[in-house]
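Handing you this structure, nothing more for now.
Each chain carries a letter (A, B, C and D) given by its place in the written order, and its residues are counted from 1.
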Amino acid sequence: MSGNRFGKLFSVTTFGESHGAAIGGVIDGVPANFVLDTEAVQLELDKRKPGQSAIVTQRKESDVVTFLSGIFEGKTTGSPIGFMIQNEDQKSKDYSHIQHAYRPSHADYTYDKKYGHRDYRGGGRSSARETAARVVAGAVAKQILGKIGIQIITYVDHVGEIKLTDSVKIDIDCIENNPVRCPNIELAEKMEALIKTIRKQGDTIGGAVTCRITGVPVGLGEPVFDKLHADLGKAMLSINAVKGFEYGSGFDGIAMRGSEHNDEFLTSGKTKSNFSGGIQGGITNGEEIYFRVAFKPVATIMQDQNSIDDKGEEVIVKGRGRHDPCVVPRAVPIVSAMAALVILDHYLIDQSKRIF
Amino acid sequence: MSGNRFGKLFSVTTFGESHGAAIGGVIDGVPANFVLDTEAVQLELDKRKPGQSAIVTQRKESDVVTFLSGIFEGKTTGSPIGFMIQNEDQKSKDYSHIQHAYRPSHADYTYDKKYGHRDYRGGGRSSARETAARVVAGAVAKQILGKIGIQIITYVDHVGEIKLTDSVKIDIDCIENNPVRCPNIELAEKMEALIKTIRKQGDTIGGAVTCRITGVPVGLGEPVFDKLHADLGKAMLSINAVKGFEYGSGFDGIAMRGSEHNDEFLTSGKTKSNFSGGIQGGITNGEEIYFRVAFKPVATIMQDQNSIDDKGEEVIVKGRGRHDPCVVPRAVPIVSAMAALVILDHYLIDQSKRIF
Amino acid sequence: MSGNRFGKLFSVTTFGESHGAAIGGVIDGVPANFVLDTEAVQLELDKRKPGQSAIVTQRKESDVVTFLSGIFEGKTTGSPIGFMIQNEDQKSKDYSHIQHAYRPSHADYTYDKKYGHRDYRGGGRSSARETAARVVAGAVAKQILGKIGIQIITYVDHVGEIKLTDSVKIDIDCIENNPVRCPNIELAEKMEALIKTIRKQGDTIGGAVTCRITGVPVGLGEPVFDKLHADLGKAMLSINAVKGFEYGSGFDGIAMRGSEHNDEFLTSGKTKSNFSGGIQGGITNGEEIYFRVAFKPVATIMQDQNSIDDKGEEVIVKGRGRHDPCVVPRAVPIVSAMAALVILDHYLIDQSKRIF
Amino acid sequence: MSGNRFGKLFSVTTFGESHGAAIGGVIDGVPANFVLDTEAVQLELDKRKPGQSAIVTQRKESDVVTFLSGIFEGKTTGSPIGFMIQNEDQKSKDYSHIQHAYRPSHADYTYDKKYGHRDYRGGGRSSARETAARVVAGAVAKQILGKIGIQIITYVDHVGEIKLTDSVKIDIDCIENNPVRCPNIELAEKMEALIKTIRKQGDTIGGAVTCRITGVPVGLGEPVFDKLHADLGKAMLSINAVKGFEYGSGFDGIAMRGSEHNDEFLTSGKTKSNFSGGIQGGITNGEEIYFRVAFKPVATIMQDQNSIDDKGEEVIVKGRGRHDPCVVPRAVPIVSAMAALVILDHYLIDQSKRIF
């Protein structure tokens, strides 16, 4: 109800600010008796970590997750998993200049007006640092999904003007072998070059992430309000900097004819095409789920900007600190984590009805 | 939890199938002592009704809402408002041909697999008829929002290849004066012509709806998971045939630079541009909220299609009945209703915290 | 969130006032493909009906339930079951005398202060008439539980000073054969005589109801806040006129020693005694669940009472109308219904975790 | 949904086991801009701490709470408050003897059957150690309530056969001056002597706690399912070892007449008597709320008991370790905390509706 919990049967409740003592959360509804690979969770978290490559922020945060409960002798107990990531790199001095100033297109102004009191250090709760807790919970969900046979593949398909079109060859194996996390090495290099150019200009740029989910059983999703794609959409839109979500044919579906868009059934129960994106009437049909998430350019730029302070006086907000010129490479594990949370939650909800 | 409720403090729980006895719902969390104009609710419902114009389905449903509780001497009592719409036009014969067949890109297959038992008459629960209950609840919410000073404007901006671009003049007053509900009469006529052509071909076409919300106070939206646009996105994606959602700069934000995208603050607290779409960090900043919703072409076409039946045998699904060639004209009141539900719910949640 | 919904995975949302058009509700989360005996639901509802015997209110309400959705060809579809009971006996004149007066120990005063606007006819939403909707939902739950092998037995064990003690022989079969619904015919006659005496005095009297649940599998209940008995307690306390709840040893446990109270395990996994009431650590252990619910004397008495009106002026509230001298005989099906809702909901929640 | 969260608008989600790394939780929905006295929270936690007096367990746990987020410059920010209490006294050896044995009337058996995997060290999640997290959250709630003018007074009124009757003089100031937390010093001494005797016998004994809440505004509580006393009842019944709950006249109301039980209104709006316990129709009427909570004797006794192990073999469970002979003295701060959580949550919910 108060916005810091996600999920119904399998849920995560998160806490923590950019420059507080720690961030973390509580994962509830974990099926018992599951051998949890905590190192794999850490590896997933490492993918989101600052300082991985030349095109992401150079902040130093080791981001080590500590599990505090819910695991005994290597297995989940069914009790909630509490976890914590200590904040290390708390250079609060970096942020004194924005104590009273509102950075354009950040949440400084809205938090101040909503709460009347704001942790101005590094964005506080509005910082994308919060998403580290999501990655931890998502990594736990992903392992459980893996055992069920569900796989999630996530990659960058768009940076600025450079887009992965249908004609480009996709090589899933190369996603983690390039700093952009694009599944085509040539395109990845172009994207990397673009991001470096943008950074040199003290500017930032937008991008998009594709997520594909395979091995999903037929039947996940709850009509009418909790359609699977509605919950996926909410999950993605809750990630910092996201401006849009589409699944299946998405916005391209606007210009299509029904005769072209309809996915013809084969006798196997599979469909010839998959414009539905694996979901019909809000319920999975067993085909691959796929969706795209649009990210705006990061609001923090290394240029001076006109703005106001909390007294309504004009100020110049100076570009400082260490920030991402493009958010999508580090957004990949976050999109993946949120997808895992939604799918596992719906899997459990669907299970609950299958009693006869 | 089971998918038929929407909203937290202000919620609607709906029931009903296309060809059952009735559809309806329960609106809970209605502030007391509000003079409810039930005729205005009916007028809103009439906007969604079949048979309004030549470009929508010619089914005959008078769709009269009956309020069963929660209103006394013309005012809300704070108790739940139960309401009902009798189903009239129950031509079940129209649907006998799909008792065993799965219509392509409908929910026949997924409902059958999920529930093992399906009301095949007119799509049953998966029919868009269900959205009439949303319109009733949304119309109640809209009236309450009106008293607070919040206005919602919704219109069609895209049909097939015809799109309302930034250069086209928008006339809000003409929205309800043309059957497409497009705010530019020339474009509206083109769209109408296109829809008619498509219908003659026995085909269907997609479209998009824009929604704008003004008069919203600063501070609505709950970080981190219940960001206002995340809840708006879920609301829209839960509507039948929706494939995408974007707010503010949306998918266009991908190709923008931060220096261009950032909304500079003026000393009034307003912003020069509004690429943020009225929401920053998930919280309203007082600017106009605007978002777009993409609808696929309706799955029911008046053409024969190859498909399978529930035994996996090949069948021909014949196009029959009375259906919409394009869903967006009738989707306008539904998008509007869902927006109202989200905004009022968040308004109440925000109020609850303002105790000091 | 707004108080008119009960349950998580299996839930009911109710609406309706004593003298409005209708009462009813929406049952959500119903497992699909279940053959629902709607006549059995009506029979359960008849047990709650006014005018069944000489010791209950003589109001005439036929209380016929109409199902509006969610059932097709006699079986549940997994879609929500909407239902309605028309209000017939709307003698609003009976209540004009309390339009401005606050009846002692009713909800007139609190509703007026909370909502600022009150449906004064027969208590409006605060009337126990609302519980009819619970009985419908509970009857549906009970049928599903019956298929799983879970049985619920409910009876009156206490009226005024007359109590069913451990030494009294219990005959389950006689519960429905006497108007008090006491499982011992001699005691039932004494209770009936007492209630008749009280009624002649224009007074009312309290009582208690026992509920026993058998055939419950081990493992229902969610630590730590949603312990099974905590949810049962909330369910019972939400019924009109309830003042107390105890399960297992209950309040008698206060004076017991641990050595006496502990339930020794047998090699079968059963326990020698059952002071735990079938629940340990909030989770069922397979033994019989039993609990007691205390009801206060009905607030409406046939005597004149001093009170105030909505201007704070002294008034005499005169005893009028047709009311129950003792609520427990008609409370039996309500307690039973609420128990069924809790048990089925927890059964579904428990199922959802059992995925490996 | 999964049992480890309590509350709607103001909620706490807890984690942690008796002998894991830490226990803790996340408090969500905290109104912003409130000066939080963290030392006062620690003092409240100290009241629950083991080893405070001769009549409670002599385990050594310093129980120091660390706040991890949500507080900045001494004030709440409106973001979730994460907190943690390190576990110190992890003598796991003490528990090796129950690795396979089921202690009578503990949760060993039910956890094992539900989860198939159990943290057997000190009861794991089923240990009352979990309630420390509730006390932290409750202490935060209490401070906020204090600012609104709501006070909560909690004390022991019953131990074994010794009961605080209406004729005994109550001195609120002496509650914290005696180890039993009874508000009458003579009775407190008798209770203390009884508990010491019981402990010498290696046995345990039950008790009861009274809670009174004053300064509550009229109007808290949501009909029909979320009546204020229903939520208080659930809160109390979720505490370890609780077997019963009653408010107002409670179980004594069974034998009362309506003419005696009805609370006559005075022209001030106050009532002459208060058998309603400050709640009518589920909504506060401004009178003092009072309720009683019954606790069973602690299941861990210092005597050998017959039981079974996880293979169904007979075993002797030997009494060991350091345990409470009577739980009620340390239950006082827990009852108080849970009451605070319920009242603040309902206060916020009620606020949300008061928009006109």
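Throughout what follows, a contact is a pair of C-beta atoms (placed from the backbone, for glycine too) under 8 Å apart; a residue touches a chain by one contact, two chains touch by 3 or more.
No experiment lies behind these values; they were computed from the predicted model shown.
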Can you give the shortest number of steps from chain B to chain D, where adjacent chains in the path must touch?
1
For the pairs A-C and A-D, output the one whose chains share more C-beta pairs in contact.
A-D
Can you check how far apart chain A and chain D are, centre to centre, with Cα atoms defining each centre and the answer in Å?
39
For chain A and chain B, what's the span in angstrom between their mean Cα positions?
26
Roughly how many whole angstrom separate the Cα centroids of chain A and chain C?
46
Any chance you could list the residues of chain C touching two or more other chains?
1-5, 8-9, 14, 29, 32-33, 78-79, 114, 125, 223, 349
Footprint of chain D on chain B - complex, ascending
1, 9, 29, 31-34, 78-79, 147-148, 223, 347-349, 351-356
Applying the document's contact rule, which stretches of chain C touch chain B when the two form their complex?
1-5, 8-11, 13-17, 20-26, 28-29, 32-33, 66-70, 72-73, 75-82, 84, 114-119, 124-125
What residues on chain C touch chain D, complex-wise?
1-6, 8, 14, 102, 104-107, 109-111, 113-114, 125-126, 130, 158-161, 198, 203-208, 218-219, 221-227, 229-231, 233-235, 237-238, 243-251, 253-269, 271, 275-277, 280-285, 294-301, 303, 305-308, 312-314, 349-350
